[in-house]
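Below: a set of structures, written as structure tokens.
First chain A sits with chain B, and in the next complex the same chain sits with chain C.
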Partner chain A sequence: MKNRLLAIAPSVLAVALAMLLGFVVVALTKGVSEAAGAFASMFAGAFGEPSRVDELGVFAFLRPWGESATKATLLTLTGLSVAVAFRVGLFNIGAQGQLVVGALVAALAGAHLALPAGLHAVVALGLAAVAGGAWASLAAWLKVRRGVHEVISTIMLNWVALRLVEGWLVPGPARAQVEGNNSINGTDQVLPGAELPNLFGESSRLNAGFLLAVGVALALLFFLQRSVRGFEWKVAGLNPHAAKAAGVPLERTVVQAMAVAGACAGLAGAVLVLGTEHRYPGTISAPWGFDGIAMALLGQGHPLGVLASAVWFGALRAGGTRLQLAGIHKSFPELIQGVALVLVAARAAWERLLARAVRRA
Partner chain B sequence: MIALEHISKRFGSCVALDDVSLTLSPGERLAVVGENGAGKSSLMNVLYGLYQPDVGQVRFGGETVRLSSPKDAVRRGIGMVHQHFALVPTLTVAENVMLGHEPLRRGLLDARAAREEVVRAAKAAGFALDPDATVGGLTVGSQQKVEILKALARGAKTLILDEPTAVLTPQEADELFASARALSEQGTSVVLISHKLAEVLAFATRIAVLRRGKLVRADLEPAKTSPAELAALMVGEGVALDVPTGSGVAAGAKEVLRLERLEAKGLARVSLTVRAGEVVGIAGVDGNGQRELAEVLTGARPWTAGTFTLLGQQRSALTPADCHALGIAHVPEDRLRDAVVKDLTVEENVALGRHGAAPNARGPWVDVAGRHANAVTLMEASDVRPREPLLRLGELSGGNQQKLVVGRELQGTPTLVVAVQPTRGLDLLAVAEVRRRLRQVADAGAGVLVVSLDLDEVRALADTIVVLAHGRVTGTFARGEADERELGRRMLAVSA
Partner chain C sequence: MLRTVAACALLLLIGCKKSEPAVPGATPAAAAARIVGVVTDVGGRGDQSFNDSALRGLEAWAAAQQYQSGSYAPLSPEARTATIPEALRAKVTPLSVKPLVLQSKSPEDYQPNLQLLVDQRADLTVGVGFLLENAVEQVAKANPKSSFLLIDSPILDAQGQPAALPNVRTVVFREEEGSFLAGVLAGFAAKDTVGFVGGMEIPLIKKFEAGFRAGVKTANPKVKVLVGYTGSFDNVAAGKQLAQDQLAKGAEVVFQAAGSDGLGAIQAVKEAKAAGKRVFAIGVDSDQAHLAPDAMLTSMVKRVDLAVYEAAKDLSEGKFTGGDRVMGLKEGGVSLAPVTLDFEGKAAALARVDALQALVAQGKVQVPANLKALETFEPPAP
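Entry: the complex of A and B
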């Protein structure tokens, strides 16, 4: 238990210190009381507003939670995508491209298949996962067959996916059919039966996607720690020579892990479309896939660590929109995330400090 | 004159050195012997500035000196060649030797001067090294020579050799000792850390024995002692170190392995057989096809021609997974690369290779309890210490890691055992234990093939000795049939 606490300490301390640094910068530029107010409103936007319970009832919490959860869901799934690949020693920089491909497939399946409600959503999710997995498998295939480094191929496949989907399909063949003079960017609206249901009705955007993300994290945790295949992935990631000598088929491992990684990112795209956008919008503006790299690193590649950092930063981002009222740009939480990432990269320094502290205690 | 005075060093609750005092005169050849963990390396690390003693001091010619880093030690003329080399594999010999103190001309690297200096140093030390060869492509033995050159090029007047012959052939070892002796006659002090008593007795002018951090003797003269006395001082009285020679091969024992005119990269027309109950020792100078042969036999290298018959069945290919299925056990040369994973726990490493079957797994899932129990049993049987299955493997000493690998590979009933340098770097007790285990599985009916650069080991273990030179079999001898000279000639592929 003590070891486990020591293991997560660098990440927790890095995030805490990044928050503190953010606070100090705001306090220096705007004054301490404004900074405190801004942070308070950010936390209110992220976690709920006890002061407005009389006015809004339970939605004083559920509404902010909904905003936080939609962002946390996407960060969790893309973070898991990067973390899974990292487990076998691969750097998946391509979660964004896999997400884009998954989102498009989910949008098309959601709008054009005729299936019973509920089942429709499940099928659309499944197809998006398969599409994301297939897209990522291209990089694995290039690595296994041609020795192309996955960092290069996944970065390039991001651009291929983006241009293919947002440069051609969405504005072109897949563009929404519109009657009259209305012009819509993006694909057709998905059918109601394919939408991910909101858990608390219209007033909160908290939808089933969050449960899906938590479920995927738990399933991956169980798979990686308790299955024979998961063990093989770990060995392959830590020492490919020993893995090979132990009879682990390395090439198959690379392809499978990349496919699972891509499936996670593809699911993120599907949740974005089926849960909140309800169509493939003209563009997906946020770099969820790249934020997944940060989540994987802050979460130290552990599924629950990824989930925890995604929930925290998803919440901060949801609260970040409130910061605009205080005259602070809404991307401030992303700044905190960036600083935390730099600090967690200085892991060796943390460990030395912690070791000294433990010795003294 | 260098004096280490009343040195004590603890690591946590473990006492590595306990009030050790030792002197070293110019031109002296001091051997420091002791079991793994006796404190030999710790003591030398104090002298090399890697460890700071808790108590005690280091004096150079009467002057007390604080060695706070190897840099200080190098400035005082100490040079150390570690068991694990610190070389850049992609650079040439000359570049490695000059790394860190390159000769400059007008502020730029003078590559020619550097190269010439290395050639000169190599000649002086009696090493045949190509200064332009890439270090990564050299044999382990040659890489070690580069390490020694590095120390000499930095002006070492005291040379510490930590287990230098663990990786060398007899001829290479002789060469090494000849040049070390020549250096000492020119005034360089040499400290030899070794388990091998024969070479200690042949080389040293004085022998010091450490046991569990304490200095037992510091004044043994090689002429007035014996391997038996040394061994007794090292391990304590009454410990069995000899290996049974085994019952030999039963007449008509079935063949486990037959290679006929096998061709592979690095191997030419290799024919040999291993019968059930037989230990076949592969002798040879490092880099003459032993590694390639072991790779072929463990599924890591394809062969291109010839026949490969395993358990009576001719095979056209072999994968590592096939090997596991067929019961081919593999104790590889470089365990940290090929056999274990440092960052996994001991019990996960025990399971590795059999991780998909009982008792380590149940169906597609890891059987945590079964794996743990199996690891406990194996650690007990193979005497792996400390007995903590959840420890990270990297925390075990090298000797205990090797005991674990040997124990794991010999678990169950292997049909063929391929062991490469199975006792490299182990202490006397561990060596005896590993050899006993190999003998045991052979007596239980396995075919055992041992590749070793230590000719004494091959002779001690093998029922049949096969000599490899330049990837070819240059001789096959039954136990006791060949003398050392004849084997040496075959190893160098020169006719008598």
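Entry: the complex of A and C
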């Protein structure tokens, strides 16, 4: 137990220190009470507003939770994508591209397939996962067959995906058809049967996508820690040479891990489209895939760690929208995330500090 | 060291917990003023064009406030008047409204931002641009008691058909009419060739193209129009490249309707002008003369500011209603910015522009709003 606490301490402390630094910076520029007010409104937007229960009822909590969960879902899935690849020693920098491909496939499947409600959503999710996995497998194939480093190929495939989807398909053949001289950005709206249902109705956007993300995290946890194949992946990641000598098929491991990683990112895109946007918007300009790298690092590659950091930063982002009303830049939550990342990257320093603290205690 | 950090973190959390009820916009002092919220599209504040125009209508015209580094300061009456075109000064009076502005980082932000403004008790929430159509539709349906204004698009259903909502006012502009006048001016200023730089190749931008080409044809049928689209609204380099290409092919006037890409197009014309060529640019949405004072012939101004202001005014007078509105030359929704540069035949050109403006406003000339209508367009006799 103590070891486990010590293991997560660097991440928790890094995030706490980043929040503190953020607070200090705002306090220095705007004053302490303004900073406290801004942070309070950020937390209200993330976790709920007890002061407005009279007026909004249970939605004083459910609506902020919905926003937090919407963002946490995407961060969890892209974080898992990066974490899974990392388990076998691969850097998947391509989650963004896999997400974009998955989102497009989900949007097309959601709008143009004719299936019973519910099943339609499941099929669209499945196709998006397959598409994301296939896109990531390209990088794996290049690595196995041609020895192309996956960092290079996944970064480049991000751009290929972006140009293909947002440069050609969405503004071109897949664009929504509109009456008269009006314009609509993005693809056709998905059919109601393909939408991920909201768990609490119209007033909160908390949808089934969040349950899916938690489910995927738990499934990966089980797979990585309790299955033979998961053990093979771990060995391959820790020492490929030893793994090979022990009979682990390295090439197959690489391809499988990348496919699973891509599927996670593809699912993120599908949840974005089927859960909240209901069409592929003209562009997906938020870098969810790159934020996934931060989530994987802060979560130390552990599925539950990824889930925890995604929930925290998803909530901060949802609440951070309100910081604009307090005159703080709209990217402040991302700033905190970036600072936390730098701090957690300095892991050796934390470990030394912690070791000293433990020795003293 | 560790303990210090932990203690600080703990203090921070406790400190935040205590100061709970700090919802901006809910202070009693602001209770008298009506709250008008604006959600910009991803272009955001400082785009020199569309979003800035909407913000001007709310912040400067209606609220007489100025946004500076995160907060509002009162705007002096002189400075406020300077932002209003002369023709509108009598009509645009300060109102008792409080602006609440949220910018969007990405398209996923539109819906939560709109909903947040509703939750902040905004009496009217404005979605700036057709990109927000879907989000405004969803939030308006979820909050039937709140009022909304959507700029540049009617509410459209899943099949792309107009589907009005009772609590949403939508305003679209007859961009083709303003572009028509811009085209007339360009046709007079150029001898041989003019260029059109569009952003995304969508019906909205085709309205600009159709009107502009009809105007050029009306002024001088012999002038050739080069047409190009960059395919985006946020790629300055693409706009510059396209405009440079057109200038190399002999374009003397370049009209841009391309968002941020257009800033690149103006830059290209500015550089060509500095290199000694006789070239002009025509801006769009806001008066963009300050971007290239030596090269800007005029701008096709789209009075998004007026649409936002009128909605705020109706709100504060208790007269706000939903419904679809169209603002053309007649309604003052589009116009040409003052022409300050000189060129050969300027007086005749301006006289012709004025005459045509009157004809269009009276409905005697129908300006084509798409390329199909342009094919059958017959220029009115001089």
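The rule is short, and it goes like this: the second predicted complex is superposed on the first by the 361 of 361 C-alpha atoms of A that agree within 3 Å, B and C clash if a C-alpha of one lies under 4 Å from a C-alpha of the other, contacts with A are read in each partner's own complex, and residues count from 1 in each chain.
Here is the rule we use: a contact is a pair of C-beta atoms (placed from the backbone, for glycine too) under 8 Å apart; a residue touches a chain by one contact, two chains touch by 3 or more.
All values derive from a computational prediction rather than experimental measurement.
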Overlaying the two complexes on chain A, which is it for chain B and chain C: clash or fit?
fit
Identify the partner contact of A:25: answer first if only chain B is touched, second if only chain C is, both if each is, neither if none is.
neither
Partner, of chain C and chain B, that touches more residues belonging to chain A:
C
For A:203, select first, second, both or neither according to whether it touches chain B, chain C, the two together, or no partner.
second
Give the angle at the C-alpha centre of chain A formed by the C-alpha centres of chain B and chain C in the superposed arrangement, rounded to the nearest 10 degrees.
140
Touching partner for A:178 - first (chain B), second (chain C), both, neither
second
If you stack the two complexes on chain A, which partner ends up touching A:318: first (chain B), second (chain C), both, or neither?
second
Could you tell me if A:276 is touching chain B, chain C, both of them or neither one (first, second, both, neither)?
second
Figure out whether A:226 sits in contact with chain B (first) or chain C (second), or with both, or with neither.
first
Quote the smallest CA-to-CA distance from chain B to chain C in the superposed model, rounded to whole Å.
23
Residues of chain A contacting chain B in one complex and chain C in the other
none
Quick one: in the complex, what on chain C touches chain A?
1-3, 5-6, 8-9, 12, 15-16, 19-25, 42, 69-71, 100-103, 105-109, 111-113, 115-116, 119-120, 130-131, 133-134, 141-142, 153-154, 156, 158, 160-162, 172, 200-207, 231, 369-370
Listed in rising order, the residues of chain A that touch chain C in the complex are 13, 16-17, 19-20, 23, 30, 33, 36-41, 43-45, 49-52, 56, 63, 67, 70, 167, 171, 176-186, 188-189, 202-203, 205, 272, 276-279, 281-286, 318, 321-322, 324-331, 353-354, 356-357
What residues of chain A sit close enough to touch chain B in their complex?
225-232, 234-235, 238-239, 241-247, 249
Of chain B, residues touching chain A in the complex:
298, 300, 319-321, 323-324, 330, 332, 337-344, 348, 351-353, 355-356, 361, 364-366, 368
